[in-house]
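After this come two complexes, each holding chain A, first together with chain B and then together with chain C.
Right after this comes the complex of A and B.
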């Protein structure tokens, strides 16, 4: 693990972090090691946010740095043999909500943990989730939402999936904002996650049994 | 007695009957629901003993009001997700706005005065990141926003606030729109017409998430 890179990313030193990642790749370093450092740094950023050292703009900024790192290493990852995907996850921010900082981090974490991720973006109508489930045959759906108003849209999406006759085939996880067991029960989801690692663990439990 | 967020107080003051006490809490508490809950509970607990009803000038507010209770007072809370719904006058009106154009940033006089919005946080961000980076972060924070709405509740002269909002919209490439607010909820709150738009919690009971659910 390149601890210097972990520190540069988690300290939000964008230029230093990107330069360092670029140098590692130029010198023939393993892109997967860079990815691992980025993953560890994002955990650190999440931790600092949880204890109040970082604020929302810091989370957004860390996401930008992460995107920069991914764009540096992606061409080099493609040259290697793509590892066998562990299964497919559909994810999106529900209708009426445009918040995606948390969702994007979940997408990144699922992707770099070997899942095939179909990211539907923001303000996703329930029918779009249903169409994607049918199209991809994915067995896990992640619904994201930050507003408490989004809990209604999550429930409506779960109900629509049920009405489409697909509910028994898939597992649904929810996350974002003030979500707990009460909201999980209200929406009819199977599980909820507090952070991106929870999402990875849930997907792993469901898809790798 | 009323305990209200400073953003709500701005709209409540013109409606208040003489003699009603209104305690105002800082808008900044919203960034931490647990801290807001604690401040609200302390305010409830310190209400004078002759008070039998406390109206909270809050909505569900990131679930900060869950868990609140009073041993001796009835708590009355607008059954709204947050103050946008309160200023628009109904849950239905809020839903209509949210589903019509979700990427909307809302402002009122209270939000502008309380400096509780991204546009006012510009200086703090510049201090933290430097100007170029601050503008980039702010741009990222607003990347999915297309519209800035000033909710005109018709209770005071809004020229200054409309100008502020219009300038903020221009600066960050958002479409500016002035929409009409509706004081129905606040009027009902202060006049004791606590119908289905309100959560009523009896003394000794606790506010729960389910209290905010609406009949389908």
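Right after this comes the complex of A and C.
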């Protein structure tokens, strides 16, 4: 493991990190090692976010650096080595709501933490969630919403999942904007989260016992 | 006025603005009762803000965008397209719930103008989102990463020839316009005019005329509403609007992600661009406040909340420029009403830097007790009945929450009862509970 690269990425030194990754590749290094270092760095970033040293801008910036690294090594990767995933999570912004900032950060953090994420996008009708649950057999669904109008849409989505006979098999978490415990009870979700880290912890609790 | 405006200090200016607000020109109060009710509400507000006197009771000021439409089963699309319906629905809300202060229906805007411009920055009811949905912003980088210098050099040119063409499909042609400053002698006139002959530019100008007509007829309805509402004794809770300079860039120019990355890649440019925006934003707040004869300048705060940046970043990028705008408004005798959206728990110490009794802070998810403890002596606090409670909770639950606010935060004044969210909906009985419990339980003895 190239510890220097891990440090440059997790300390958000974009230029240094990209230069270093470029040099490793130029000198015939293994792109998979670079990828592994990047993964380790992202775990470190998540850790720093968890303890309150890092904030949302740090997450977003680390994601940008990661993208830069991936684009350097991609041409050299023999085949897309599929790393083992910790389990699948379906996520989307509920019907009527077109906001994706918060949801995208949640997707990013789940992805960095090794979950397989199916991102359904914004303004997602309840039936689309159901179809995806059946198609992927995912056990966790995350509903995101920014506006109060999402309260009702989340409730309807949870109800529809129940009516489709799938409710007992899956765990549902909600989050975004004005969501709190009261709305969790109102919608019938299993849990709610205040930030992307909560989403990771919930998914981990549910998928990794 | 006894003293010349320029000779007054900021406190005297504020007093002068209060006087003007208390005895507005051109209003014909419906009754003596309406007039005294209007003035009592302003004095109540003043006492709550200035922190020198306990008001007669806790002022009542629910915050909302589309709330009245939801209450009376009118769609958001209808009120955006029918200004008469807009005004009558907003008036019905006032008569029905009788809050102390209202927010202008101008917040709802006019669909006809958006149509004429092919507005891209938001989707609005019936146009990309359902008729009952509020308008919603479409997040994109409307200003590119390498455009800071263009903005810094000439903000108004940047807005006209780059920003407007991107956020309005029908204004694409404005990108061909040059700077009018180049025209200062006869031989320089014709070259400056050339773009105005282009079909693209002319079609943009036509779209602007059409949108302008829509705005003009709309504002007449809004103006009539304002006059009528005040003559009936209601008080407008916001005379002008300004924004935090960081949010101007982060909300709808660079976008959330772009702005966050810029803090690492272009720290100096962010600082310079904000320095450029500060005087423009101060003027924007004062101008509208002067036109409305109302000292309150509403400032929604977005990207400086808890979690949105580190303390170091807040200290460097957000606070200094926000503070400059706030101080600029206070110096001119305006009263900034800052809406601290999200949580402000980690930023409270900064608020102590603002002069005592000269600003109102509306809190959303901030710990109210902690805020009272840290800045209760400096600012007037407002808030923070949660939307989750008002939309899904019972009247009794809301009552309980409000009583606790009145007992703890409202103790000895310095507090305005409000929702922590700009509401698009609420259960009518819960909203009513918030207002009525404050009217009765909120009386100071």
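List of remarks:
Quick note on the criterion: the second predicted complex is superposed on the first by the 127 of 209 C-alpha atoms of A that agree within 3 Å, B and C clash if a C-alpha of one lies under 4 Å from a C-alpha of the other, contacts with A are read in each partner's own complex, and residues count from 1 in each chain.
Assume a contact is a pair of C-beta atoms (placed from the backbone, for glycine too) under 8 Å apart; a residue touches a chain by one contact, two chains touch by 3 or more.
All values derive from a computational prediction rather than experimental measurement.
Once the two complexes are overlaid on the shared chain, A:60 sits against chain B and chain C alike. Once the two complexes are laid over each other on the shared chain, residue contacts for A:195 go to chain C alone; chain B is not touched. Judged by the touch definition given at the top, the superposed model places A:136 against neither chain B nor chain C.
Of the two partner chains placed by superposition, A:127 touches none, neither chain B nor chain C. When the two complexes are superposed on chain A, the residues of chain A that touch both chain B and chain C are 14, 55-57, 60-61, 64, 96-100, 123, 147-149, 178, 182-183, 186. Here chain A touches chain B in the complex through residues 14, 52, 55-57, 60-61, 63-64, 95-100, 122-123, 147-149, 177-178, 182-183, 186, going by the rule given at the top. Against chain C, in their complex, chain A makes its touches with residues 12, 14, 54-58, 60-61, 64, 96-101, 123, 146-149, 151, 178-180, 182-183, 186, 195.
Those residues of chain B that touch chain A in the complex are listed here as 31-33, 60, 62-63, 81-82, 94-95, 98-99, 102-103, 125, 128-129, 133, 136-138, 140-141, 144-145, 209-210, 213. Of all the residues in chain C, the ones that touch chain A in their complex are 123, 128-130, 132-134, 136-139, 256-257, 260-261, 263-265, 307-310, 313, 386-389, 391-393, 421, 423-425.
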